[in-house]
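Okay, so chain A shows up in both of these, paired with chain B first and chain C after.
And then the complex of A and B:
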């Protein structure tokens, strides 16, 4: 008797769980507003990438054309692909000390795997990831970028 | 009224028949008529196959919160035509270790099975290629020829994946054919005929699913499950089982031969859906409720072929819904479902229906 009850309980239980699944997919089917696909080339103007998206490596500058990079070269040491090349230079400060500052920050996008080791290990938080992902060019030499803007200096208070 | 033929196609078909027989000898007239019907069914087959693929992709996309094909034509409407042209131009890769003859005829057997079944389907009043007095039996017999094609494809490819896929498909169809047949027999008992046109005429007051209430609904559900299994679709696609057998029986096929299998799969779905619509949901018969004359009259204004296609589309949608909701069954679960659940329920259901018909307990 118990097995007969179990047999019918199995059938109705099975049908019930199947209906639960069908209810969910049916709900999705009849609510096209939930579609998450981005219609990319058409919505290019209003396309907003999410915060953590890694499009390219950038060095944020403030309005006075100042960055935070001290030219220490930790990012260059940490980069597994040799993507980054920090070229420092030495200047003499007012009180007569010699100081190492950044001259050119070379970033080769073509070799970058976006592992973010440079951004994470930067002691002065000078690096970040930008959202621009449309990086296609016709010549790979154009993928080598200089991140510090011309004439930029180091921000006051960053050592 | 000029559009009268929409409601009764026999006016149109008889006019064409008269024109053809009047202009040539009876032998050539028969040949011409057969050719015309063959070409029409072939064209119908291709168009329905292509657009079912499109419908499947769209339905699947919406159920997964995606957009689906949307680049070729408006809403991707010509996507499957582009796909077909691509498949036509692709190379047919010859398999060195394959059994050449069987390998080449397998897709045709699958296609022919679907082709023969569709000839017996009543599309509308008077739009019915062959009306056998054993129509239900014929459709079942013919549609199960397809499995021979699948078995041949799996065997002749000389590939372990395709052989396993074909064997699974064989086991599956041998089991589920029983349930399909028995659920149809349940309705045949109620209708008192196996002729598809008589079955449709018998539903002029109320569709069989309502007329036969409880046993008819059970039979409809069983038919849907077994029909889905018979077409090797949905949760029962063990013969293909992409994740374990790469593509099952058609691994070694390429180009248009692969497209044949693909089209045949969708065509079988269409056939199962149209048999379900004809036998359970009244075929081309409009929705009538006995006693409501005005309502019945309004329903009669909708042309019969529209009724037929809407019902078939509804059943097809149900089958797609199953496919994109349920996970695939394991082979032992598949056989358990058939032999331990569907078959006993079905046998009991036939008895119930026979009792109901005997006692006159239907509407």
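And then the complex of A and C:
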């Protein structure tokens, strides 16, 4: 007799535990206001990333097409993966001195691990992280980017 | 096959199948060579190395600042603790005292990371046992933590937030409010986990009394973390060798004596409650001050041997570092909790059914990149 009672008690007890779980799923099923899913490609216009989000490395330019990079190459030596290549050039200034300036700033996005050491160690704060995260391309050669814009010069007062 | 089975005598009715390396419930590329007799598991031999990247060797070529971002990729679910370990070792070797603020920030971040890690484990544990509901509910609650990380650290999973001497950036102004809101939110949501899975009759039948790891075995294998504590092995590094701000907080070490799959599950659920307690004690008292000590651009550790360990979400992660006085370490050896917990798996699964192997390995919470490194 005891075993029969236990048999039915187990069945009803088991069904009860299932119903406890289904109460929660049912609650969310009938209150869709609590849904947290984002409709990603559709909400692209409204999507705002956080300020510190590391999407890609950028070199901010001002309205006169001037950047702050002196071409010192500290970011290049600090990068653990060889992502950055700073190609400097030498020019002669008005008072006859030779000066080293930035010619091309090559950034290979495909090799970057976003450790932020380049931005952190830059002495003239010439680098920053951009918010754009949609970096998919058809060919990996397109992942190599040149960060200084064509014709850009160094900002006055940055040494 | 011949070279792997030569030391093992098969019975007449025994046969061998491979589980993995591409198997959804090994959570990565791990191969189990399972000897079966009918449906019963006789023996199991794990084969590692499918995702070996040589991180320890790479670390010997990099400077101490550059090592940090590589340790993110070990156990990616507790990236903050891994970062913290390298920083603590470097700071101890150089005898630098970091500001109080840094200690508090590191402790809060590590505990948030632990909650996020246990949530993902809960997702995958439920999914391995056949309940897909858990996966969505766990990820829903994990998302706000990742947002907190993203706002302060700039990364969601691979944080790279620590640097030798402190942290990379100061806390975001919204940080405290967000964390407090989250704790309030998650205290309401965690009982749902119990209702959905912990009390479920199917789950209980499949986990109670299954895959018992005795205390003797746990100690002799060196199993740490929630897995070891479910067997009654008191091994919490946060208690035994407090680092950062753990000596200032009052928390309970979760201990069970049963050592079966269900209590390994229970230990992790209880750890989430304890992590919330730790965060609540610290979040209002973060002292003002610097967020990092100014370090030299090239860090050179004095020649010698150093060992330091931290408690990640999976157990004791130890770092044995030999320095010869140069700017990069001479030897960089990690004691990873997952590799050692995996060693104890064979003694747990003996004479269980093959379907239970999935449940037992899920309860160990293995992260494969940490095993292979």
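Note that the second predicted complex is superposed on the first by the 122 of 159 C-alpha atoms of A that agree within 3 Å, B and C clash if a C-alpha of one lies under 4 Å from a C-alpha of the other, contacts with A are read in each partner's own complex, and residues count from 1 in each chain.
In this text, contacts are C-beta pairs under 8 Å (C-beta built on N, C-alpha and C of every residue); 3 or more make two chains touch, one makes a residue touch a chain.
This is a predicted model, so every value here is computed, not measured.
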Chain B versus chain C as contact partner of A:121, first or second or both or neither: second
Partner chain(s) touched by A:113 [first = chain B, second = chain C, both, neither]: second
Which superposed partner A:29 touches (first chain B, second chain C, both, neither): first
Chain B versus chain C as contact partner of A:21, first or second or both or neither: both
First (chain B), second (chain C), both or neither touched by A:39: first
Chain A residues touched - chain C or chain B, whichever exceeds: C
Footprint overlap on chain A, where chain B in one structure and chain C in the other make contact: 18, 21, 24-25, 36
Chain A to chain B touching residues, read off their complex: 11, 18, 21-22, 24-26, 28-29, 32, 34-37, 39
Interfacial residue positions of chain A with respect to chain C in the complex: 13-14, 17-18, 20-21, 23-25, 36, 50-54, 78, 80, 113-117, 120-121, 129
Residue ranges of chain C in contact with chain A within the complex: 62, 65-66, 68-70, 133, 140, 143, 147, 150-155, 158, 160, 163, 168-169, 172, 192, 195-197, 199-202, 204, 297
Chain A-facing residues of chain B, complex: 59, 62-67, 70, 321-322, 324-326, 341, 345
